[in-house]
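Labels A, B, C and D are assigned to the chains in the order they are written; within every chain, residues are numbered from 1.
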């Protein structure tokens, strides 16, 4: 029951999806789209597990006073704030009591965390959380300059949601990405040593391509540029094609093993 | 740029610098940026899933109100009850005792994905690449044209070299045959081809990565100009001294932290 | 630890520091680094440079804001060269967001023509650019293949009015321009598949001289057309734009970017070389040590 | 009752009249009388159901006009026209009205701007109260669904109550075009299957007013197929490969001794776990940025299972930060089972596998921080990686960890090779679980993969030779063999 049913399900649905690929008819297409929606919906429901895991691991770090534990409050407050922004939006131009509400809501969260990590004073923290929650509820009831929207996507357009996206997520993502400029340099310095034939070929190919726009090699420079073009379009293409074919066979073999129940490692059973 | 936008941009500049401080070492500023972004990104993604996934897939347009309602579903697409239940079976993971039930939706998920992959990857990766290899060679221009004929990528020789490279590299990937003798020799040519390709690809990427850093420099430069009202041809009508105050605050933070680290480093050297 | 071992085991933070310093200094400083010019870019420059004053060039602007960083510098360099040399320019846009790009380019370049400037040792006086005399912007229409084909008959068929709503016949420069036969060449600057249509439906059918400027990633796929002579020149990405800016002696955004790129690349190469020198010297020493 | 009937019919009439009012944009421009300029018409027009599809599409083929590329060279394009019954033309306007009624009866409705399209609809319904609006909405819904059901019948009524509409354009020089509709009944592009369509193709000069129509062809019906012949080669490949796998697995089960060549990256995994135990530092296992529907991630699960089992035996600490909730759930199951199988269920902790965040660089920021704080002895990266590959691997090198990577993402392999100690290239990732398990069954499937590779190499060489000979000697049979391997989507 615990082991067999999953294997049977994988086999059944896997085989069906293989056959489906060759049937263009509308009915087969309909089932394909429906089954694809299954995976999407399962993924969405799983998000609750993810958020719970994030919450629990962060609280656990605070409780056990792991290195850098204090910063985990930032994570949880950031998570909670962003989700509240995503579900709320202003009705007009005025902010009303929105920000006091956000402060009270986040205080509630922090107090609940404190209550779950503390050894004593649990009552005190829970009491404060209750008061903050009451403040939140009062504001929700009496302030109509903003409101909650769960069914419609107003939250995605709300000013604060967008501000957080544009000024927190985007700059950090772009900066993390640009760290690659430095890491590519340090990796090249550290690893590009002509230790053996393979390393030398790697190094030479990289050097030629990196020198492709350099005019300081006299009559050799145009050769450099053409050679780098050739390297990109001949050996690189051959390498890519071979890897693509090999990977394709590897993917198909792995997927077939999964469908036929030969490989059950994904269920922890080898 | 009005003042509140400038404040936001200043915060973005702070986060940018905090992220770069990671290049030196793990430090409080990087920890701030890291922990904020983890939480906010998780919240952002959850909200996206809710509004763009859950609501349109399950919560069918309330305006189209069907006859009955259950679990957010209405009668227009009752069969969506199945994935909704499967999704909720995932939640059995919250319980230690019934955790094993969550294997069913996971098995479905993996079964469907594996089934889709088999013919699709066979077609896209194997069949199409194989067919591309079967092209007729450019015999009319076999040894290349022009001054740089040896590097002519459209010549028949280059096309032939691609095929040879593909075959050799595929031979390198054989698992059940020892790389010895002639077979080993061909496999060696294969791994050389792979290494040349990887080197070229590495060298080619450097430029794109440097561009990313240039973009960030431009962002910081633009923010600095904004602080001194020096950007663009039209001066900012909302400009006030507060812009500069925030610029200097951030600058002070950077200089202060740098000085602190240098002093710490020098002291640790002495002892 | 001697110097060579140090060279091998330098803390990566020195690499980071050097890279930041090099990038910031070269970004802020104002100097020029020559770029290697490839014949396929030089061909375009020479073609435009040798045209007699009064000749007309068509420059289709077929890119979106997404590929602006790579392609805008090309447009700026070529159009400025054309106008300085008193050539007439016909702009068109076959990509949905391209008219905005073209409009911005026209305004910016018109502004920069208002001052006296020296290119390759020749001084050009300031000049006022007039719509209908120096350029004509046809605007955007969907279905690129069909538009390119009908422009081969007459520009007035797909575009009876220009982008600003003026009939083509009332524009002085368009009086002598009926179709591609009246143009010196077409230089398509494109981040979309409009390039394919220009090659197969435009050049393939009407046989006018065609050159293209494309994004870095799609350069390779158009090289075969250069080999077969269907296009007489090709500029690829930032690198191609920088080469053109250098030829035109008109450094702009691409050369600014290339300055930082060049310094950063050279720095990385220098570090690789240093690392290898350290590696070989210490290996030779280790061998000698063994012998003793 | 009578009043109700009257009101309903009035509404239907009104909506129809709106529909008619909008029709003027759809008519064909009149053909001018100056026949001397007219291009020659296309000939041999054939309309057929598009093959290998789900229906809802018709393919047209013709001989180009004599004035296309030859003769007067005046043809600039071809316009394809389909005869469309009035009923079909009316549906979009009915839908607009329904949309208006839905908004009007819903929350937060505000009157449209004067002079807009919605405003013209609004004027008709302005004075009605909510109950009447509701009633009209329902009747209109029924009218629309009835109209969609009546479409095949309306098409059969050709040439009564309908007109020609342009459905596709093709540039000069082309001899084929497709009229592709959708299967979605509630979109304007809906094309009903099993309905009689009639087509004609106009040769159009650069002046759209000067054109010549072809003969009308029809009736032709669209319908879906049950097998995609364009994918025949794929089905053969999948079948042969599946049989090969089953054969070699059975072969291995019967106890054949199968050789596999050594692979450095795999052997390093065992040493790395031992090293971590000696140093008393954890092992970091990164499943990559793939979701659980990518096979690279599934392969990574099986490797994780083997690593976790050994880790449990050595009683070392394992850290698995997950990028996606489903990946997290599956990985938890894998690790838990591994600990049970190793006989150490008490050492299992639910937080070995934990969720970080689902956005690329936020995930990298968190994992990088984790590396510098936990200082793992070994980092294992297996699965799908994108730009973050080098960010992770370089930070891992700073932390002094031994690093083993494996990915099938071609663009990232160079960075792993440069920054990691061992790298599994492409296909090796998929072989790794078989290597680690050393079970004959799994090694059998490696043998199948090798045979398939040999087959691909043989086919590539033979195909290359055939296609070149086909060109050189004009052998049509050779090119048809090569064409068999083409996949048409």
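Operating definition for what follows: a residue touches a chain if its C-beta (ideal position, glycine included) is under 8 Å from a C-beta of that chain, and two chains touch if they have at least 3 such contacts.
Since the structure is predicted, the reported quantities are computational estimates derived from the model, not experimental observations.
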| item | value |
| --- | --- |
| Chains in simultaneous contact with chain A and chain B | C, D |
| Partner chains shared by chain B and chain C (touch criterion as defined above) | A, D |
| Most remote chain, CA-based centroid, reference being chain B | C |
| Dominant chain pairing [most C-beta pairs in contact] | A-B |
| Distance between the centres, which are taken as Cα means, of chain D and chain C, whole angstrom | 34 |
| Between chain B and chain D, centroid-to-centroid distance (C-alpha), Å | 20 |
| Interface hub residues of chain B, defined as touching at least two other chains | 19, 22-23, 31, 33-34, 37-42, 44-45, 90, 93, 103, 106, 109-110, 112-114, 116-119, 121-122, 126, 130, 133, 152-153, 163, 166-167, 170, 173, 194, 198-199, 201-202, 205-206, 210, 213 |
| Multi-partner residues of chain A (at least 2 other chains) | 18, 21-22, 39, 42-43, 46-51, 54, 68, 169, 172-173, 176-177, 179-182, 184, 186, 188, 190, 192, 202-203, 207, 210, 222, 229, 232-233, 240, 243-247, 249, 251-252, 254-256, 258, 266-267 |
| Touching two or more other chains - residue numbers and ranges from chain D | 231, 234-235, 238, 241, 293, 295, 298, 326, 329-330, 333, 355-359, 361-362, 365, 369, 373, 394, 413, 415, 417-418, 425-427, 431, 449, 453, 456 |
| Chain contact graph, described as a line, ring, star, complete graph or other shape | complete |
| Chain C - residues contacting chain D, complex | 12, 143, 145-146, 149-150, 153-154, 157-158, 201, 205 |
| Sites on chain B touched by chain A in the complex | 8-9, 11-13, 15-16, 19-20, 22-23, 31-55, 57-59, 62, 79-80, 82-84, 86-88, 90-91, 93-94, 100, 103-122, 124-126, 129-130, 132-133, 147-148, 150-153, 158, 161-170, 172-173, 190-206, 209-210, 212-213, 215-216, 219 |
| Complex contact set, residues of chain D against chain C | 69, 74, 76-77, 169, 171-173, 205-207, 394, 398 |
| Residue numbers on chain D that touch chain A, as the complex places them | 52-55, 183, 193, 224-228, 231, 234-235, 238, 241-242, 245-246, 249, 291, 293, 295-296, 298-299, 301-303, 305-306, 309, 322, 324-326, 328-330, 333-338, 340-341, 351, 354-362, 364-365, 369, 373, 387, 390-391, 393-394, 397, 408, 410, 413, 415, 417-419, 425-427, 429-431, 433, 437, 439, 441-442, 445, 448-449, 452-453, 456 |
| Residue ranges of chain B touching chain C (in the complex, touch as defined) | 23-24, 141, 145, 152-154, 206-207, 210-211, 213-214, 217, 221 |
